[in-house]
Amino acid sequence: MTTERPLVLPGDTIPPHLIPSSTTKPLRLGPGLRHLPPSDIIPVVAGQLITNHQKNSMWVEYNNNRYLPTPGDLIIAQIHRSGPDFYYCSLSPYTPHATLPHLSFESATKKTRPQLQPGSIVYARVVLANKHMDPEVECVSQSTGKSDGLGELKGGMVFDVSLQFARRLLMAKSREEGKVEVLEALGAEGLAFEIAVGRNGRVWVGGEDPKAVVVVGRALKETDEGRLGVEEQRKLVRRLVKGMK
Amino acid sequence: MPLDTSTYGLALLRVDGRRWNELRRIHAQIRTQAAADGSSYLEMGHTKVMCVVTGPSEPGPRRGAAGGAAGGGGGAGGQSKDAEVVVNIVIAGFSSVDRKRRGRGDKRTLEMQSTLANTLAATLHTHLFPHSQINISLHVLSQDGSLLAALINAATLACVDAGIPMTDYVTACTAGSTSTYAANDEGADPLLDLNHQEEQELPGLTVATLGDSDRVVALVCESRVQISRLEGMLAVGVDGCKQVREILDQVIKAQGQKMILEGTVDKGTGLNDMDLD
Amino acid sequence: MPREAEPSLNEKQFVLQALQDSIRLDGRELEQYRPLELTFGDQYGVADVTLGKTRVLAKASAELTVPYADRPLDGIFNIATELSPMTSPAFEVNRPTETEVLISRLLEKTVRRSGALDTESLCLVAGQKCWSIRVDVHVLSHDGNLIDAACFAVVAALRHFRKPDTSMEGGVLTVYTPAEREPVPLSWLHSPFCVTWSFFGEDGDIAVLDATWMEEQVSSGSCTISLNKHGEICQIAKLGGVPVEAVSLLQCTNVALIKAKDMSSKLDRWLTEDAKRRDKGGLLAELSAENDRVPDI
């Protein structure tokens, strides 16, 4: 599927043999690439160029520190205050607030809606995000009306991770593609915890035992900051769990 | 040297004739200004302080983190769950021996404002008044040592006068030690309630406690002192705070009596043990 | 735009609850400091201190100036602190926040008022010329416990600093450049260190050393004790906050002494290491006229 993953810098020219060519499907460009008509594709960020020949798409994997809301992302938002029809919540510090409609929860009517206090956190999905308007989020799926795990997160603790690590955790094949095995290893050691990963760099960990939550948080932070490989992650988890006992 | 070693050792009297554990004369009055919600006037020896309390009232323009005057009290970021205690101290230029005019941004004054705000926020029931502000203004008319202690006591009295619910009195006083920092003499006495001369030459600390307990709300020590002297000074200071509390309590009760006699307040059922003549 | 990044209710409740079980987020003991690292700059008087993720840089500098009119026999010594937007967008340049004022006052009381630096030795000509020593403290990263890191940085910078050598002959004062004569260290009397305790809970019965930023947001009171390794307290500042038993405060002071001794020995070790590094060929070798590039024939 993917053979080469070269490092590209903004303005580099992409070797033509990397660009997937298919006569049936149009070429899809993901984040980090820009199309200059008529036929130039240049990367605009520094990162790894990934090409997917099956789906005929290509994009750049890059790490940045500021989260930019994109529709469809699952994020953890913190409620700041309540307005007449919306909650104003923050996705990342020192950015404009996103709006979360009061009724955007599963089976919520004007009388039975959940009352969220300022300072509480919710797991939400980004609905609308463009450079002209403040972002909007929702806690219920528009089409089905079900929350699918979105909504208020009670108890637990929130840890900050880098955006790239959050993306790796959220990947479907986190073990092969993302090289992240921390969570599985922690579960294998017998720790009982719940986890919600926000693409905006926040991870919520809930559980009965505060020690377990602290160990999970430390494991995530050290994997992220130390950029540990799969084997090192397993060693880290064993060390932390032993220290906990 | 306020403790001339030749005389102190003989009679154990300080320059103003006090023993080691005697407070100076404390004179206090409340309801000195009818216009304000609460007001008080306190003298500890020659240190004279006036205090005026306004509140709880509408909060002023939101200052956020980059504020000039000090604010205290708990509260979350955007909306305060508690009332904010804002303290303003004006030290008159004529209050000390040398006339000295202090600017608005004087760091020592800002630190005292912050200390006072945080000290009172520990006892005032600020959670009863969300989204509001309690303004405490203090004027120092004369300084003769124990300034921070006098400010705390005056602010407590004024808050009681204003009727702001509080857990207990916060009273403060200073304590010092006759030993210098270098000497490790066991025979050094702790001293209670330092005046200006003693404050300048001897190590001392200001301690504020909550009511009758031993719980310290504020402790400020700005001089060098041996760690072994600390326990004695702290014990004497805490004891002195209890004495101050008794005196302030008397003042409040006397004012209460006066108000009952004048008819402004009805005598309550719980006041049977008050002796009204 | 929100002024400050406020932690959520879940985080605050979790941290408090974990502390009640004596669990800290990074797995430390309640009385354990984060790893303290110190790097000296190439220039004399630059100290870069990291305490976990908190990073503080202190730079000491000297210039000749006229002494104050009311103190003709003393030199001038100033500490300037700056919390810039580099640490967090909540801070603005040139608008001192309450935190900045308190840190500045604490550093002044700890280092300046306690007489750590002998200001009389800074006087060159009584009433006319003296050294003005200035320490600039820049906070590069704020993850809690700025005071301890800043104080350590200031003391390290001052002990590391070398001022130009001077001599008085007749009425003439000569100041030598570093190329003419080796700069001399400052006249240092004692090294004070700050130890900050944070109190948690309604009655302040949980006391913790070296709180991170998250722990500071949840704390209900704090007390900073400055002392040197000889057991002399330079200042104590518990500026309000939750009332704490007097006995607990005394215990805190005793533990603070142990930590101060620990910090003092670490600083001594780093200073000697740095002196050895600078002195690699031996000072005499530098000043000698031998040329070691001449091959032995």
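Each chain gets a letter, A, B and C, in the order it is written, and its residues are counted from 1.
Please note the rule applied: a residue touches a chain if its C-beta (ideal position, glycine included) is under 8 Å from a C-beta of that chain, and two chains touch if they have at least 3 such contacts.
Quick caveat, the model's predicted, so the values are computed rather than measured.
Student: Taking CA centroids for every chain, report which one is farthest away from chain A.
Tutor: That would be chain B.
Student: Hey, which chain is the most central one here, using CA centres?
Tutor: C
Student: Just how far, in Å, is the C-alpha centre of chain C from the one of chain B?
Tutor: Comparing mean C-alpha positions, chain C is 31 Å from chain B.
Student: Just how far, in Å, is the C-alpha centre of chain B from the one of chain A?
Tutor: About 53 Å, centre to centre.
Student: Averaging only over C-alpha atoms, locate the centres of chain A and chain C and give their separation in whole Å.
Tutor: Centre-to-centre distance between chain A and chain C: 40 Å.
Student: Residues touching two or more other chains, restricted to chain B: which are they?
Tutor: Expected reply: 76-78.
Student: Any chance you could list the residues of chain A touching two or more other chains?
Tutor: Where chain A meets two or more other chains at a single residue, that happens at 80, 119.
Student: What parts of chain C, by residue number, touch at least two of the other chains?
Tutor: Within chain C, the residues that touch at least two other chains are 2, 6, 90.
Student: Which stretch or stretches of chain C touch chain A in the complex?
Tutor: Interface residues on chain C, with respect to chain A: 1-2, 5-15, 17-18, 21, 23-27, 89-90.
Student: Under the definition above, what is the set of chain C residues touching chain B in their complex?
Tutor: By the definition above, chain C touches chain B via 2-4, 6, 90-92, 95-98, 101-102, 104-105, 108-109, 113-115, 203-204, 220-221, 223, 227, 231-247, 249-250, 253-254, 257.
Student: Which residues of chain A touch chain C in the complex?
Tutor: By the definition above, chain A touches chain C via 78, 80, 90, 93-97, 117, 119-121, 153-158, 204, 210-211, 213-214, 217-218, 240, 243.
Student: State the interface residues of chain B toward chain C in the complex, per the touch definition above.
Tutor: Spelled out, the residues of chain B in touch with chain C are 64-67, 70-72, 74, 76-78, 105, 107-108, 110-111, 114-122, 181, 205, 207, 209-210, 213-228, 230-231, 234-235, 238.
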